[in-house]
Each structure stands twice: as structure tokens, then as C-alpha cells.
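Take a look at the structures below.
In the two complexes below, chain A is the common chain; its partner is chain B in one and chain C in the other.
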Partner chain A sequence: MQYGLELMKAYLKFLGERFAILVATVFISVTVVFFVPRLVPGDPVTAIFMRLVSVGGSRGAPLLVAEYRRIFGLDQSLWDQYVSFLRELLRGNLGYSIASFPSHVTDLLRISLPWTLGLLTVTTIISWVLGSILGAVVGWRGRKSRVLQMLVPVALVVYTIPYYILALILVFLFAFYWRIFPLSGAFSVGVVREFSLSFAMDILRHAALPGLSIVLVSLGWWFLSMRSLITTLKGEDYIQYAEAMGLKERRILWGYAFRNALLPQATGLAISFGHIVSGALVTEVIFAYPGLGWLIFNAIKGLDFPVIQGGILLIIFSVALANFVIDIAYPLIDPRIRYERAGR
Partner chain B sequence: MTVIAAEQPEPRRYRSLLLENRKFLTGMIIVLTLIVLSAVGTYWLETGGRTSGSLPARQPPGEGMLLGTDALGRSIASQMSEAMPNSLQIGLIAASLGTLIGALVGFASGYFGKAVDALLRVLIDVFLSVPSLLFLILIASVLRGVGVQTMALIIGLFAWAWPARQVRAQVLSLKERAFVQIARLSGMSGLEIIFRELMPHMLPWLGANFVNAFIAAVLAESGLSILGLGPQQEMTLGMMIYWSLSYGAILQNLWWWWVTPVFTLIALFLALYLIHIGLEEVSNPRLRRQEA
Partner chain C sequence: MNAKSRARAGILLVLLALVAAACAGATPEPVVVTQVVERVVTQIVEGETVVETVVVEVTPQAPAQDQTRAEQLNIAINGPIADPTNLNLYAPGVSRSNTGLHQVIYEYFFYNNLQTGEFIPWLATDYAYNEDFTSITVNLREGVTWSDGEAFNADDVVFTYDLLRDNPGMVWSEEANRWVESVEKVDDLTITFHLTEANPRYHLIREAFPAVGIWGGITILPQHVWEGEDPLTFKNNPPISTGPYRLANASQNVMTYERRDDWWGTEVFGVQPAPKFINFMYVGPSTSVALALAADELDSPNIGILSLADFLSVKDRNPNLEAWSDGAPYAWLDPCPRALMVQNATPPWDQKEARWALSYMIDRDQIVELAYEGTTVPSWGIWPFYDGLDPFFDAIADLRDQYPTNTQDLAQAEELLTSIGLSKNADGAWTMNGSPLQLTYLVNADSGEEMKVSAVLADQLEAAGLQVNVQPLSGPPQEDARLLGQYDIALQAMCPGFIFDNLELFHSSFSVPLGERAPWFERNSFRYQNAELDAIVDEMAQTPPDDEAALIQQYQEAMAIWFEDLPVIPMFQAPALVPFTSTYWEGWPTADDAWNMPVSWWATFNLVINGYPSPDTGEWIGGIRPAGG
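Showing the complex of A and B:
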């Protein structure tokens, strides 16, 4: 019991540290996002508008500039601007889109976020769970089976390919050459957006290729990492003890080795989450999938800086939050802490 | 100095270990082949093929046009001979900068400990958890029209967190070893210990981290370029994909246009990853034993 209590304390301390990281991440990235555009000489907003006007865009430009100046206090000192930037951010005000004025940036983000969130959550869960299970099986009995061992070099090759590069190959094969899946978008043009089976199928068909490119690549990674974890754990004393005790092999693998490998595997997820998100954003561009990556891509094309800025902030917040949630979930996976709670 | 030999292989032994490592060698051969191919290309191919309209457009690979031409009548082969060195240059500059900053931060954090470590650890964790591509998008879209070198520098500035974390962990474990304690007792200064005692043992580790950062940099370049933030006036592997996409190469069945940069990138990533694994196996004896 005393041992468990110590663990609980250590966990709380760890949680506090992770929360500090969460706060620091948000604060530092907001600060970077605020200051970087201002390192470039000249008033950032005007500079962008001038360029926009020169290419013949946005009729409301002067109006917009005035509105921006008022809200974000652009004629005041840098510090005052920073304070108003933070104040507006807390209110959830990310300003107006330039390309589709007078839309609020937050409205555009709200439309795009669900697509990215859906795609990322589903693909990450599928690849993490599937990769971990496969990796455990291969790591446990890999040497005995030639077929299973073949998976390793395949995973190694696939894992090194970026999602969006694999996406190009998949688009060519499955959408252009064989025409099994649609080329782009998240649903067919003109389809009725309602809660129906046909619309759901339509969405799934469109998500298949972007999803597949993310799943295949990350599956390779989770597979390799779980396999090496299990291979290492196989030599541990408690596994050999369990074997000597005559426990069923299945029980030793899933009840002991796998359980213990889950913790580093979850840490791996937390560490590589940012990487996964970056890759997924670019993948959306290949498929014109209407998530945050596609939104940012179009904002870059349309010189829509507020949207780029808002998209970046939203993604950073989400990633930081997701990492924190994975950290909180540790006790659910770590048997030592869980058993203690159940015992009390 | 017998103490060191007992704990870890002598730094000199690393080279022969590397030359015995199959993964490292395979990776090196692929990378060198790619470099030689692009160098030969630069030497042999007429640079005239790079400007649009200089050749008939949309030609598949065949006589006279080694890898075909794009929709603007530029030769794919001569684009490649420009893109390869540029992409590799981005990898080289960014990885050097990232590893250097990372090593300094990691050494400082691991060696000095206490408040320095606490502060640097938070910083490392923050920059690890934020996808650096986002900061790169921000900076590149503010600067507008970055060149190859500028892009490399920006990518390098955000590539230090992972090496820093790795180096810090290594320093923490090395610092307690006997030979470092002896060096400290014999009156060496902190910096002297870092460079004369710790560095030689960290080299293969730093090498592995360098290759890792190299992969990340080439990845970042292709991602940024596909998003439309690449060097518009120059050719890189990412820009080749960007142009092929923006001219609808897939839909028009101009497969040679996108297949060339895509498979070059895949070969490059695979090769670099093999080198990375090789270096890691050499620097970490435990991994070596596992594979044997």
C-alpha cells in the first residue's frame, strides 16, 4: 500500500509538470505567433492588404483595416498590441478572414475542424491499436514464423514514407487508375447533407484514401515499436517466471508483456502526435479534404494571414491538449497505479 | 583509460563497427548513388532544359528525353539534377544547425542540471509537442518567397528539440560514469570535460541525431513546398511535386512528372533511415546484441 501511495504521489507530481508544459506550450506559441509577423518591417496587416489590393481583391479592404486597427490597437505600442491580442484571443476572437471578408476566422475554423478531428482520431486509433496488437504478436513469436517475420521489412519501408507521398501513389492507383474511390473532397458535390446511410457511406468513401495513407504509414511505426518493446520484455525475469509457473502463453503475452509495453507505447503516441498532425495537414491538401490543412493551404494561396494564424493557433492548442489528455490517461494503462486505486 | 574501454567501445572502434553494419552500408550506398546520379545529371544534361518552353511539353520518357518533360516543356531530368542538390542542401544546413543547437542545449541541460535543466527541459518539451511545421508555415508565409538557404535556416532553427532531448539523456547517464568522475577529480573544467571526455562518446549518437534531423528537414521542405510555401524560383523535390500537383499531373496521366520526385524521396528517406538505424546500433551496444 505504501508503495502504491508513493506512485500516486509521483503521478500527481508528474501531472503537475505536464500541466505546466501545457500552459508553457500555449503561452510560448501564442507569443511566437504574435511576434513573428511583427519582426518583418512595416505594419503587417496593411502590408498584406496592400498586396491584396494590388492583385485586385477585397472591396472592403479600407473598412477592414480600420476595424483591425481599432480592435487590435495597431497604432499603439508593441506591448499594448500584445495585450489586446491576448485579450481578443481569450474572448475567442481571431479576427476576420481577408479572402472571405466579413467571415470571422473562428467561423471558418469551426467548419474545418470536425473534418480534421474526425480523420485524425479515427486513423490514429485504428493504426495505434492494430499496430500494437500486430507488433505484440510478431514480437512474441516472430522468430518461429517466417511469414510474420516478413512483415518487419515491409513495415520499415512503409513507415519511412510520409503520409502525403503515399497519398499521391494511392490517389493514382485507387482514384485515377482503378477508379474505386473518389479523387478528392469529403463528400460528393450536390449530395444532400443529412443523417442517412447513403450520406454516411459517401463520407466514408471519401475518407477512405486519406485515411488509408495515414493508417498504413503509422501502422508501420506502431508495429515496429511494439515489436521491439515485446522482444525486449521477453527476456525479463517476471516473464520467465510466469513461463516457469506454467501459465498459458496467451495469458503471459497479453496479461503481462503487452500490458507493460502499453505504457511506453502511449508515451510514443504523445511524443509523435505533433508529427502525425503535420503529416495529416499536408495529406488533406492532396485530397482537397476540407479540414484545417486545406483551409490553411487556401489561406496561403489567398494571402489570408489571419486565417493562417488562427489555424496554426487552433492546431497548436489541440495538439497540446491531446498530449495532456494522453498524460492524464496514464493511470488507466499503468497497472501499478490502477490496482492501488481499486484496492482502496 | 582502461575504465572507458570496459564501459563502452573506444571511439576509434566505432568506424570499424559502422563498416560492418549492413544497414548503414546499404543506406550509404543508396544516398551516394542518388548524389552521383544528380551530379552526373548536372554535368551531362543541358541546363537549357530547365526553362519552360525549351522542349516539347508533356513528353513521356523516351528518346532524347530521359525522364520526359512537364506541362511547360521543362525536362524532368534536368529539374531533378537541380532539385536533388537543393533538397540535400536544405537537409544538410538544417540538420547541422538543428543538431548543433540541440547538442548545446542538451549538454547544458544535462551537465549543469538544477535550474538550467528545469528551464531547458520545459523548453525542449514545448518545442517537441508543437508540430514544428506550424511555426514554419507561419514564418514562411510572413516572409513570402523564401529561397533555398533561408528555408534551410528556418527549418534548422526549429529542429533542435529532439537532438537536445537525446543528448541530455546521454549526458545524464555518462556524467555519473567513473571516467567523468575521475576527470572532475583531476581538476578539469566543465567545458573541458564536455569536449574532451563526453564528446568522443557522443559522436555516433550525434550522428544518428543528425541523420534524424536530416530526414525531418527534407520532410519539412516537401511539406512546406506542397503547401505552396517553398522556394518558387528554385527547384527542390518538394517543389517538383508542388508544380506537378498544381498542373494536375495525376489527372492528366503525366505520371512521369510526379513519379520521379516521389520515388526519389521514398528512396532517400529509406536510405537515411537505414543509416540512422545503423548509427544507433553502433552507439548503443544493447541494440547490437538484440539484433545478433
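Showing the complex of A and C:
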């Protein structure tokens, strides 16, 4: 009983520390993200009119530019802008996008977020599961089977192929030559967008190629890291003891080695999840998939401060959150850490 | 398993479930396109006329589905639409050409057909200036209606200009207010624009008058929809307009328009546009566009997406692909020729000998071959080679011979530079005041064209003895550098391409000190000043555009000065490679049948789709039709 309470107290103290770090991280990052883009030379308002010009649209209008600088508070001092930014942020208002005025930053993020989350969450999980399982099998039995050994250089090659080339090859083969999947987009032109099975199937058909390209490229990483973890673990004492005890090989691999290798793999997965909201820019460009990557990239190029802040804030928050979740989950998963915390 | 491991497993499961739930909740929301509209309804109740304001929810018909390919006109745009719920084209963040708004939704009083020189009446029938050109009266066409049935009339025009006057944040409000003092409704179909000063060219200023010059013009908005709304934040969704199509579906990648059966043009002109659906869609980068064209999923891409090499390889696979001309140079001539701006405010480029020397160092043919793949031609001046401008070009034929702007002559370049006191050092580099002459060459890194030209041009100039610092910049820093004049040379499109307007770019009133922002890139960011040229330009501004004889005379005088000074170096005509497939739709404008401009991102695309009544004969010209039909 005493021991349980001690454990609880240690754990809660640990939780509290970690939460304070989360808040501090987000605050410092938000401040940095506020100031750094504003140090770049260039006027975001002029960038809007550049887009008009690029299609033959505008001869430039100083009064219009001045009006927009006023609307966005860009004529105020940097400190004033920072204070009002923080104030609005606490109210949950991320402001208007400069480049897409009068769209709200939250609206822009909201339309893109589901596509990025949907595509990248699923592909991350798939590539993690597949990569980990394959990596475990190859790491364990690698030397005994030629076929399995061949997977290592294959994984290395696929992992290092430039993503753009791989994606283009997939598009050419599966969307043009064999016409199995659509060329681009998140759903078909003219399809009714409602919660129905046909729409869901349409989305899946369109997500197949982008998803496949991401899975192929990330699979290699999980495969290789799991394989090296298992290979290292094979030499551990408890594994040798289990072998000596005559346990079945399958039981040793999945019940002991894999479970222990899973800990660092899970950390990697959590951090990957955190980065999902930064989107996959090249995927979105090649497959015209509407997501956060393109939104943030364009905002950075056009110095669209509110969208940069909103997008980066989203990334910071989810990465910090992912780290936080892993921090609090780890002691629960790994008893060694829990005992250390309690001073045993 | 003991209790501890079970507990651990349970916590893991809970965590995973939370994550899964969070992800499951993130399903895409369908974009619902409805609008709450206040309608003024007049009813007769018990013999008395009662006028009420009724709040109505306007939902268009169900999103267009089951579109067969033969009913679709598919145009590829060059980027996704950041916010597909915002259809207010007066907000600078809304791309009126990517969304298709000013092509198929909104219409204009007149459309300029640069190709044929016609000024085509559409929503208006004719115009007339008063004697001293301080006001212009426009007659609107009878029978034009908005898509909700309300009549299009003078009230809408007055309302739109009031909006522009009161809201400096609207696109082109500044230019409109610069020229328009007030708009007077004479009657339902007649309006008089009172100008701030005499200007016989006012009707050609697309930023101030609802006529389409290059790309677009001032758009008239329906008063009954926009009244009381903040014109900057109003989303205008769905848009009420006079055009032949209505918005059926909007998403980041595709804007789908469906043909309206109740378009006013069907009754007045007796025609209906051929495509039932028009999709402005973002298909991805040039490779995806090329594949889509080869597979006939697309009819045409916007400018700048397809390179010549891509075009030719698609043409191999899809023989139905056509461009403006059947063989080289394939490209249509964009109205804005390319010139090399030289910073006139910085020595030694403040001397005309130095600028001419630069011009003599350049081998334009080599750049055309290497950077443009042969899709364009060198240009002696800064005007597009349109047939309508031939009278002007012919009038200065002798000047063009006297001043060979397209010739490469390194000996002449050396002579000129030596004459102003420069000398070559032992390494063969030109020096000024003892140190090697360095040029900053500002390049827009986002423009493939500029990057390619800079590679070849920098080499040529270095071979001639100049040290060139190529400075590729992108986004706002690039734009700022260009406006502030922070360059020695920079390639620039000289827009809009009209005789007077391109001369006006050199007026000293637009020249500001280095370090201040010029009005626009080609609008004297190169800081050229010549009082004589100013005087001629001022005179031209007051000459009515149809007095061609007077204008030609003034043009000759101006060009004598311009050629001598050479403030910018003429380089090339602007190639606009715009391919069309004729698998589903035919009748596209081509060099053999140049009835219009082949541009799908200009508001004149409305006329490419529908055709138009000839202002001279009244017969119907053009309009695309189903292939083989």
C-alpha cells in the first residue's frame, strides 16, 4: 500500500513536470515562429498582388497595399503586433490569412487537416506495422534464410529512392499505363460529397497511390530500425536463458525480443505522429492532394504570417503533445523506468 | 499474464483507442454551398401593395454528378484554391481566373479582342464621350438578367462604383477612384461616368472601366445581393451573376460549373454554350497535366504549365493536341514582350552608350534557342507583333533600321563603353574607376523562364567582359528588390502591351528615388527620366484612341527619343504556349483561324466558349462546338 502511494506520487510529480515543459515549449516556439518570418525582407501584402500580376492582373496600387498593411496591423510596431497576436491566440483566434484574405486561418487549416490526417495517419500506421513485423522476422531469422536476407538491400534501395521519382513512376504505371487508379486529387470531379459508401470508396481509390508511395518510402526506415534492434537484442541474457530453457523460437521472438524492441519503435512512432500535421508537401504537389503541406509551404513562400503561425503552431503543439504522451505512457509500458522513479 | 502486465496492456489499448478516435473524427466535411439572402418581395394583400423583406435560403441544385466526359470542358489551373468557399473576386486573395469566376460567371460591358482589334459590346451596346472627354455615356443592353431573375441595370453599376469609392481594400478601387469622379444613372439602361480629368482612353482602362482589356476588367456586382455586405469579407457564395454558368461544386482542386438554361444570352442572342459542365481543376505538376492531356482527361491547361518538350511528347501520344500554330514556334504571342530593364539611376547605366553597349553584347537568337526552345522570336521593341498594330510599326520602319536593337555587335559594344571612359584590364574585364564592373542581375527564382534566360545571358555578358552576379530571389524579397530598384539588370514582361500604355511606363512621374518602391515593376522601376518623352506621352494621353493618324505621328516622335536613349533593352516576344485537344471540343482559335485569343484564364474566354456577334456585320463568330458534331 505504502509502495503504491509512493509510486503514484512520484508519477504525478513526473506528470506535472512534463506538462510544465509542454507549456513552456509551446510558448517559446510560438514566440520564435512569430518573430523569425518577420525578419525576412519582403512585404507579404505585395505578394498578394504578385499573384494577380502573374496572370496579367495588376499594375500595382500603392493605396491598396497601404490599406491592407493597415488591416493586418503590419504598420504597427513589432512588439504591438506580438502582444495582439498573443491576446488573440488566447481567445482562440488565429486571425485572417493575408494571402487568402478574408479567409480565416482556422478555416484554411480545417479544410486541409482531415486530408492530411487521414492519409498520413493510415500510411504511418501501415508502414510502421509492416516494417516492424518484417524487420523483426528478418532480424531474427535473417542469417538462416536467403530470401529474407535479400529484403535488406531491397529495403535500403526503396528507402533511398528520391520520393519524387518513385511517386512519378507509380503515377505513370498505375494511373496512366494501366489506368487502375486516378491521376490525382482527393476525389473525383462531380462526385457527390456526403457521408456515403460510394464517396468513401472514391476517396480510397484516390488515396491509394499517394498512400502507396508514402508507405513504400517509409517502410524501409521502420524495417531497418526494427531489424537492428532485434539483432542487438538477440545477444541479451534473458533471450539466451529462454533458449536454454527450450522455449519455442516463435514464442521467444514475439513474446520477448519483439516486445522489448517495441519500446524504442513506439517512441519513434509517437514522434512520427506528431509530425503528421506538417503534411507531405511533395506528395501533395504530385498527386494534387489537398493538405497542410502545400498550405504551409505556400504561406512561408508568400510570407503569410498568420498562416505560418497557425500552421507551425499546429505542428509544434502536436509534436509536443506526442512527446508528452510518450513521456507519460513510457513508465506505464516499461516497468524499469517506473521503479527508477520511485528510487528503487 | 499477471495483474501488472494486464494493467499495462489495458492502458496501452486505451491510448491507442484515443488516437484512433481522434483520427476517425477527422473525416472530410462536404463543402455546403448555400447562402442566406434577403429578398425584397412585393405582394398585393387585400388590394394594397405590401413590400417586405424576406429572408431566403438559396441552395443551388444538387452538386453536378454523372457528368459524361463529352459534356465536360476541363481546364487545368496552376495551383489549388486555398479557400473554395470564398467567391468574392474583389478580395485580393481570391484568384478570379483560377476559380473561373471572371470567365464563366461574371460578364463585362465590352470585350477587347486583341487578335482582331475588335471592341465587342456584350452587357453594353455602345458608348460616347462628351466633347471634352470629361464624361462617357454608356448604353446597357436590354434583356440582361442576373441568375436569380432580377434585371441587370444602371442601379447595379452605380452601386458597384459606390462600393469601390468607399472601400479602399477592394481590388482596383484605387484606379477606379483615380479616374471616376461619379457615376450617374440617366435611366435604367443608361449611365454616365463623370471622370476626374479629361481622358479619351478611359474606356480602355480595365482597372477603372468594366471592359476587358488584358485578362479582366472592373466587375459589376448585383446590388440586391451585395447591399449591406462588407465587400471585403463577404464570401459571395453562391455567386449571383449574369454569366451562362452557375457554380455547381467547389473544392480545393476543382471548381465545377453547370450551364444555366435561363441565361439571358440564350434569349437575346439565340445561342447556348456547348459544354454542359466546365471544370477548372488543379491536376498537379506538369507531368500529371501532360499525362491527363495524353489520356484526354483534360482539354487545355493554363499558361506556364506545359513546356514545349512536354507538349511535343504529348502530341506524339495524342494527335488531337493542337497549339496556336501547327509548327514552330507553336506559341501564341502574349501581349507583354520581354525586355531587360537596366537601372538608369546607377552609373554607368545612367548613360545611354552603356545601355546600347549591353544591347550589342547580347545574342538573342542563342537565348531563344536555348532558353525558349525556339518558341519565340527576338523583338526589336516592347510591343507584341499583333496585326492591329502594324500601322504603327510600319511608320517607324526607318527608325528601326537606324537603331538595330536586335543586333549583336561586340566591336560596337567595346567602342561605346570606351567612349564613356571605361577600359578593359589585363584579364579582359571592363573596369570603371579602376575596379572591375559588376552587374547585379536580379532573377525571379519562381519563374522557369527567367532562370533559363539568366543562365544563357549571364554567360554571354561575361564572355563580353562584364562580371555578372546573378541573384535569384523568390517571393516578397524578390518583388521588393525589383520595386526598390535593387538591380542593375532584370528581365521583365512589359505589360499591358498597348502602344500608349507601354510608352507611358517611361514617364518620369513614375520614377522615384532608389530605396522607395516604384509603382510597379515595369512602371519605371528602372528610373528613367526624359522631359521630352514626357511631353509626347502627355499629349498622347489626350488623343482619342480612334485618331490613329495623330497617334502614329506622336509614336514616331516618341520612338525617335526612345530608340536613342534605349532605357530598357528589348529582348523577345512573349511566348504563350496554350495547347488544346480537339477530341471533345473543336473550333479553338488558332493561327489559321485567328478569331480570338486562345486564353482560358482571361475573361474573354467567355467569348471563346460562346462566340460573339461581330460588331461590324452582326453575324455570329466562333464559339467552340462538340467535336465531330
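Convention: the second predicted complex is superposed on the first by the 232 of 344 C-alpha atoms of A that agree within 3 Å, B and C clash if a C-alpha of one lies under 4 Å from a C-alpha of the other, contacts with A are read in each partner's own complex, and residues count from 1 in each chain.
Operating definition for what follows: a contact is a pair of C-beta atoms (placed from the backbone, for glycine too) under 8 Å apart; a residue touches a chain by one contact, two chains touch by 3 or more.
None of these values were measured; they are calculated from a predicted model.
Legend: residue contacts after superposition of the two complexes on their common chain; A:Phe172 is shown touching both chain B and chain C.
Once the two complexes are laid over each other on the shared chain, residue contacts for A:Gly268 go to neither chain B nor chain C.
When both complexes are overlaid on chain A, the residue A:Gly255 reaches neither chain B nor chain C. By the touch criterion defined above, A:Pro62 lies against chain C but remains apart from chain B after alignment on the C-alpha atoms of chain A.
In the superposed model, A:Pro331 makes contact with neither chain B nor chain C. In the superposed model, A:Ile315 lies in contact with chain B only, and not with chain C.
Which of chain B and chain C touches more residues of chain A is settled by the count: it is C. Once the two complexes are laid over each other on the shared chain, residue contacts for A:Ser97 go to chain C alone; chain B is not touched.
Shared-chain residue A:Phe305: touches chain B; no touch with chain C.
When the two complexes are superposed on chain A, the residues of chain A that touch both chain B and chain C are 40, 44, 168, 171-172, 176, 183, 273, 285-286, 301. Remark: chain A residues 20-21, 24-25, 28-29, 32-33, 36-37, 39-40, 44, 156-157, 160-162, 164-165, 168-169, 171-172, 176, 183, 228, 231-232, 270-271, 273-275, 277-279, 281-282, 285-286, 296-297, 300-301, 305, 308-309, 312, 315-316, 319-320, 323 touch chain B in the complex.
Within the complex, the chain A residues that touch chain C are 40-44, 46-53, 55-64, 67-68, 71, 97-103, 107-108, 111-115, 117-118, 121, 168, 171-172, 175-176, 179, 183-187, 189-195, 203, 273, 285-288, 290, 294-295, 298, 301-303, 325, 329, 332-333, 335. Taken together, the chain C residues at the contact with chain A in this complex read 4, 8, 11-12, 15, 19, 23, 26-31, 62-67, 72, 74, 80, 82-86, 88, 91-95, 97, 168-169, 171-175, 207, 214-216, 232-233, 235, 249, 251-254, 256, 277, 279, 281-285, 287-288, 291-292, 294-295, 297, 303, 335-336, 474-480, 483, 495-496, 517, 519-521, 523, 601-602.
For chain B in complex with chain A, the touching residues are 122-123, 125-126, 128-135, 137-139, 141-143, 215, 219, 222-223, 226-229, 241, 245, 250-251, 253, 255, 258, 262, 265-266, 269-270, 273, 290.
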